[in-house]
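Input: one structure, supplied below.
Labels run A, B and C following the written order; every chain starts at residue 1.
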Amino acid sequence: MRVRVDGVTFSYNSVKALDDVTVEVECGKVTCLLGPNGAGKTTLLKLIASYIKPERGAVYIDGKDLKMYSPRELARLISIADPHLPRTLPMRVVDFVLTARYPFQGAFQYFERDNDLKVVEEVSKETLISHLLDRRLDQLSSGELQRVIIAAALAKRPRILLLDEPSAFLDIRYRFDMLDAIKRYTLAQRTVTIIALHDLYLASLYCDTVVLLSKGKVVSYGSPREVFTSQIIEEVYGVRVKVVPVDGEILLAFPLPSGEGTTIQEQTAS
Amino acid sequence: MTHKALTHGRSIAVVVVVAVVMLLAGIAIGMAISPGGSTQIATTIHVPITQVVTSTRPAQISVIDALGREVVFDGVPKRVVSLAPSVTEILFALGLGDRVVGVTSFCNYPPEVPRLVSEGRISVIGGFWNPDSEKVVSLKPDLVIGSAGTRPHLQLKDLLEEAGIKVVYVYGNDAGSLYDVVRDIRTIARIFGVEDAAEKLIKEIEGEIGSVTITIANATRGSAGPKVLFLLGPPAFGLYSAGGDTFIGWIISAAGGVNIAGKFSGWPVLDYEYILSNDPDIIVVSAMGTNYTELVKEIGSTPLAETKAYREGRVYLVDQEANDVLMRPGPRIASAVKLMASIIHPELFGEPETPVVYRMAGPAKP
Amino acid sequence: MSQEVISGSRRKFLFLALLLTVALAVSLLFSLSVGTSLVSPKEVLTCLIAFECGKSAKLVVDMRFVRACVAALSGAMLALAGTLVQGLTRNPLADPYIIGVSSTSLAVVSAAVLLSPSVLVHRQVLIAVAFAGALLGYILTTTISLLSGGSGTSLVLSGIAVSALFSGISHVLLYLSQNRIAQLGRNYVFLLLGSTSGVLRQDITYLAISLATSLAIIFVLGIPKALNAYLFGELYASQLGYRVRALTATTALVSSVLTGATVAVVGVVGFIGLAGPHIARISAGTSDHRATVVLSALTGSILTVLADALTRAISAISSWGELPLGVVTGIIGAPFLAYLVVKGGRG
């Protein structure tokens, strides 16, 4: 499975959100989209999910244009998830996760079948939400809710997994757990996984490929080591950074505040 | 992003300020043109003196209206607004037509009224259910007479009193019998000092009604009369009837009938089960200007077709003048009783004469 | 674990559905034995069960049967419409009149009466005109909504705008039509006030056809599942393969047909469209539309049948005549709903 975004342009009300963006994503790898707010990360994810259509250019899955797939095929292939979930009407966790199985159910099928339940069972174990299944969504903590959202995304057994800030509301420890699980899943199932992230550090830990976006354009593209140079980061984020390699592979990029009134203690890690 | 928030915030502030300014301006303008007693609005209504009525009234009198309010009059009112057709009829029947400056769009009797309206000598102040308070006040009347049973009339009370206009409420639609109508006539007569004319009128009315009731009593010798169902409109409008404490309920009894909705109060909604189990002998429907043959056909397609009244062809539709006469608790109440008596006891009074009373063409075809 | 949870839910749903169906049957039976005539309940029940009917008993049972059926059908339809609208707007406080159909219905009826008072003569004509008015409301609301994206929120806002506009228009029209309807007995604004008192046998057919059509659309298009997905956002529903604009327009259409038909036949009856879905959700413990669609229809049915019976009982023992149905539905349903809310709130 391979996803190719080819020269794609998209505008919201004459504001260009994506400008001639070309990206190739392979399966079995975690690809991260980085960039400041408004860079176009979410727009790009929505485009790949076929939620919005490009004005110019196209998206190809295994060489076939998205337009040629039926909504049902795409529904089975692609999962897109963001950390917000409307909870105005009471629903239970299991009801929510089971909705992810709808694309696999017959046109007139009213209730779920055994294999749907089996998949949900597996996914719940993978995301550690088995004990939460009969709780109501509005009774969950934000960490639990995030795991549930991911569970629903995975319940499709998608070939393409698109996640928008999956660790947004999580404590530090859970962020690692979450991205660990996603990475393991990606490697095991060989999905195409694209994650939009804010945190440069997490990106350097988990992402095989990084796509750095700024104002709708691809500014840099490659491994974290290649992309995370102080120069590029400063250009894109508008902030001075010090990039520090740790243990040879991992990079820590420290944003440095400007102006007086701060004492910066620089530490050179070994 | 912050720049956008600022301009966005600024445009919201502008909108709010403009809205508040417009609101204040509207209020200011409204206060300026609403009569607070000081603003003069020119009226050019000439009321010709068609009938000079001598007033034999003491300088100051007080009347108690249907709401129990005491209203004191220092002089005799010269400019009267009527909020109800029955009130208009009473005023003209007492010879006070020259004092009337405002009537409702329904006021069509006596025939001089529409003529005076079209000549511009009397203004129309709105409908019965929605009199235009500004129009009323702009006519600068010294008396407004409304119906106690009509909420939109009651709502005008405070406004009129603030504008310094006296308002008196008669029973009007709340009238439960001839007695209330008579009281209304006497109340109005007392205000204008024309009690003699009132007593003459009342005697006439009572006389006419009396002769009807005596004829019926003699003929039926105290046995219960035919059962009557009265509907305020076509069945599709809703099965609205007149309760026992309404003037229509009274008219039915005075005319020798038994109102099957008599156990209800006011203007109840009935249902077919109730009507059928009471099996009326006569059905009277207010036709409201609809097609008569079609209305009878429609009645035949409802459970009303199972009633004795329908089977024997005693379904009557009242419209136009006949409808007005029945529905107005005013000086024509005697005509109303006669009309209803003709419907209920055609053997005693002949067929109804007032137009329009449409009778179903013969008994129902099986 | 999920297997147990799901089969537990399914059993609960089937149990509730069965319970409510039985309750509906009991309510209907009760409703048939209550009324304003003097026929005793014993005579009525003998007629129903043993088919030994005196002439008056048969007449009375016929009348009551028609009213009870209309009440059951319109209650189901309003509750169903309420469920759909609440899912569409993701708002548990939405009622089916929110899409503006009752105001347009009243406006069109007023306009028709103004043009030709004879519209008031034939009930069938009045019903047809009122229904057409309701559909007009759907068309306007959905058009405005689709122009602004077609989401549930825009639907509500458009509905409010259409309602407000046509409320004003109908008042003006009714005022003008006063001169045609020289009606001094009652104020004109009571047109379309909810009542089952004037219903005729063919009204059952109109309602049944509307309900059957709507149910067919709902189940064939899989709207319950679609609404489940839609509950979690437009993006979420879209990535499950649903076309969001088509979904909102179709669901709004079904809801309008259901609501419009009841408005045309019995007038505006409040509370059922709000409480039916609520009660269904609370008792089922979930907003899964596959369950709530069925349960709310049954609940709405029961509430309305009981309200209709109560209306007749009140008319029989008091001097008020028939009260508007919407008033009585509130009296019956509100305490029950309050109880459920209090009980549920502690969970």
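The rule we apply is simple: a residue touches a chain if its C-beta (ideal position, glycine included) is under 8 Å from a C-beta of that chain, and two chains touch if they have at least 3 such contacts.
Owing to the predicted nature of the structure, the values given are computational and were not obtained by experimental measurement.
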Measuring from the mean of all protein Cα atoms shown, which chain centre lies nearest? C
Taking CA centroids for every chain, report which one is farthest away from chain A. B
Report, in whole Å, the distance between the mean C-alpha point of chain A and the mean C-alpha point of chain B. 74
If you average the CA atoms of chain A and of chain C, how many Å lie between those two points? 44
Centre-to-centre distance between chain C and chain B (centres being mean Cα positions), rounded to whole Å: 36
Given the complex, residues on chain A that touch chain C span 46, 49, 51, 71-72, 74-76, 78-80, 82, 84-86, 88-92, 94-96, 98-100, 102-103, 105, 107-108, 110-112, 117, 120-121, 124, 130-131, 133-134
What does chain C use to touch chain A in their complex? 1-3, 5-6, 8, 10, 86-87, 90-92, 219-220, 222, 224-225, 228-229, 231-233, 235, 238-243, 281, 285-288, 290
Please name which positions on chain B make contact with chain C in the complex. 85, 105-106, 127-130, 152, 173, 232-243, 261, 263-274, 276-277, 286, 288-291, 294-295, 298, 301-303, 306, 323-324, 327-328
Mind listing the chain C positions that touch chain B in their complex? 35-39, 56, 59-60, 63-64, 67, 117-118, 120-123, 125-126, 175, 178-188, 190-191, 193, 195, 197-198, 200, 312, 315, 319-322
